[in-house]
């Protein structure tokens, strides 16, 4: 099977479950809904995208959503040039998504990190414990935009 | 801790007085200078890497720089060492571990902070997860640089070595 | 393999009362800056819980608070031993956003430094693998020979470890005089040394006993777990981000991607040796083929005031105009992948049209390999743990960012 | 005058000279101080380094261990609150004494025996078997997870090497028809290592295992269990525990020299006529060279795994030790010795 066929079949499959894949250089982009995430992921695994490269959360406070982006990757020669990008938007005040750990086992640490730093809850993830932050961290998730760090410039630390 | 000889009243407070006597003896000049000579040539840092400066710290004991010439030997357990090198950034999580390690070390003990991050955060000065080591430990030397070259680390160790040799450290021992 | 099987193996035996729990790290002779919570039943490991985050310095957040160019020195601190390869991905992502391409000479120079860094990084990993079975000579030899390559990189860039060499549109410095001879000398030296490594380390019966057949990772498991780098290739999967042809001049050079089939700790170590040979092969070709020309894209070269531009070009050293730090990133996003010594690094840069990137997502190879700590050790002896750890070439600051 | 001469006689008498001066206490300290320096220096040389240097430049830093020892002596000795104080404090001292006691059974010349028993070889080996027990006591007393792991490893290793060590030593006893070191040396017209190389090999490996030196320093496996049973020890107590292995090793190399390398033979006759113990110089030189060879192994080998070491002990060394017994009997029957 050549490059086109496997990717094209995946595209077709994604269309069949009601998603709209968009082709960009090196990336196949899909906007999904929380409920269509798992079927889309299962489809991706069937067509060769057998592991995740990244789970990423982007905070968009102006729209009131957190965008969770999954980048799936394959080591096969025909697919390795193209990343599969699945984007899901969840409300900012109650970000909940189904966990993809059953589909992509290596989501274990990626999802845990996204929960830790972005506050997205992955339902069905067996251990949403602190990963990178100290275990007693009780501040807001640090990667959200309303968590401000001091920016560049001269500043004096007033005790 | 109870003194095993507590029952023997005529011995008095044996433990305390013997400790005082030992302290007095150790502080006399010939004994003290012998002790400080020994310590200065036997600065054993503990195997504790706090951050990426550890790569340069490893280079310090590796062939090209070889600080073992001064008796500098990274060693296993904090109980047997006397030098804590803060190698770069100290995160909140790590700071707790560093404090425990420092408390586990037997005195006299020294702390050297390595890298810009250990001075005031360096490139991570505005991070939400770092701690400045001088708030936790009495630091003998700061080594600037990001990361400091191994020569700089070696120089700090030689400086510390000379300082200890001249007995110019903690009479008013900064105990924790 | 169904994922539920894998999960069972991952999370087996948690909370069992007959289990002896040992905390390895963060202060431990063989832990680096991480903690492994090891569950033992007798001498056999039943579970390992990698407790990372001890060096989490919040790079992703800080990168949002800095101008795009200033994040390069920041990001290279996560893998200080491999700083060219760790930043090249970010630089490529910026270049894709900005729509510039580096001139050919700059691409060759990047490749050159990438390979020098890769050798240094592999030597670092092999040295640690040596000390993890208490083979101090291997540690010292590797660290001693690593200095050769560090010195070479210093010659080229001016810094021992933190090079900050690649910038969007090119590189900071040109090739210094007499570099080729020095590099070739270093290659000749290293080739000789690799044979000696075989004699004292790789063919040492004691080392083979410790590493052979330990921590076997099968190809399909490696694929599913998303393992990267030499750990992946030692399991028989031929994948290397250099094959993507996204950066450098790898598509113009002839080299092999070494692959081994066994997937055990020994093959992971041997593979690093093979890769060092290939990297030296690449360096030779780069030095032969490198074209003349500018080292910064024309678009940015024009920004430098003419008074500074002439000496800069003559000296081969770019002094950036202030305006360069204020590059405005066009709105959009870019993905870049690059191959580090430890494996593939992934960058996803999102921009909202300001000077600072809106979001920088970086997934480092060590972070992707963390899962192996859960997956490989169960069933092995406690003493195998350092051997497995050593063979993975895990670098904690990189995983924690 | 009478007092001085009787003092001199006392000092030069085997009962005093042997355990206190040579090969006992004083020599042990000298060996301890020098061999660790030699070990670090050899390792450094192999590893393209210099090793300890600036402490005494003209001699290449030869007194490095003096500084380390003094530092340990003056350093704070922490007794953690969680330890079991009696075994914790007692075990290192007991271990050191039992490492020193065997020197009372090392003869320096045919009739220069500090403690005259016809069974000096089993007595020597037997006293060494106490040390693993004290290591267990240290591990238990420390009340530390790493220590207990180390203690268990010590227990495992003991079963693996001890039987082997004894069997191979007894095979030589069968060969020489004696259990006494001095008589063994006299019986060796040809060095024992040539008569029964299997026994020599087995004994050699078993003694490295016993002293816990590379490639069998499993008990102190620092990459897994920090410093094993010695993790909690600081100050002078750690100095003691660090020394035990070396003292033990020095004792074993003396025993090896006596049993396999024909001890003080060939006798340096003039020296011997001045004072019997001077004949022991050759014994010491042989033992020290052997010691240097063993510490050199550090630069070449890493550490074996526990189960591999046990396998080497049981599957390889144990049958070889049995074979060496049969070889000795065969040699004895045909009357080589």
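We just call them A, B, C and D in the order they show up, numbering each chain from 1.
Convention: a contact is a pair of C-beta atoms (placed from the backbone, for glycine too) under 8 Å apart; a residue touches a chain by one contact, two chains touch by 3 or more.
A quick note: this is a predicted structure, and the numbers were derived from the prediction, not measured.
Each chain's centre was taken as the mean of its CA atoms, and the one lying most distant from subunit C is D.
Rounded to a whole number, the gap between the C-alpha centres of subunit A and subunit D is 61 angstrom. Here the CA centre of subunit A is 44 Å from the CA centre of subunit B. Subunit A and subunit C have centres, each the mean of its CA atoms, that are 23 Å apart.
Of all residues in subunit A, those that touch two or more other chains are 133-134, 142, 147, 149-152. Shown for subunit C are the residues in touch with two or more other chains, namely 28-29, 53, 56, 58, 61-62, 65, 140-141, 144.
Multi-chain contact residues of subunit B (touching two or more other chains) are listed as 62-63, 76, 91, 93, 126-129.
Chains touching one another, given as pairs, are A-B, A-C, B-C, B-D, C-D. For subunit C in complex with subunit D, the residues that touch the partner chain are 20-24, 28-30, 43, 130-138, 140-141, 144, 200, 204, 206-207, 209-210, 381-386.
Residues of subunit D touching subunit C in their complex: 43, 46-49, 145-146, 149, 214-215, 217-218, 221-224, 226, 298-308. The residues of subunit B lying in touch with subunit D in their complex are 1, 26, 34-35, 37-39, 41-42, 62-63, 66, 68-71, 76-77, 79-80, 82, 104, 106-108. Taken together, the subunit A residues at the contact with subunit B in this complex read 133-135, 139, 142, 147, 149-152.
The touching residues of subunit B, counted against subunit A in their complex, run 91-93, 96, 125-129.
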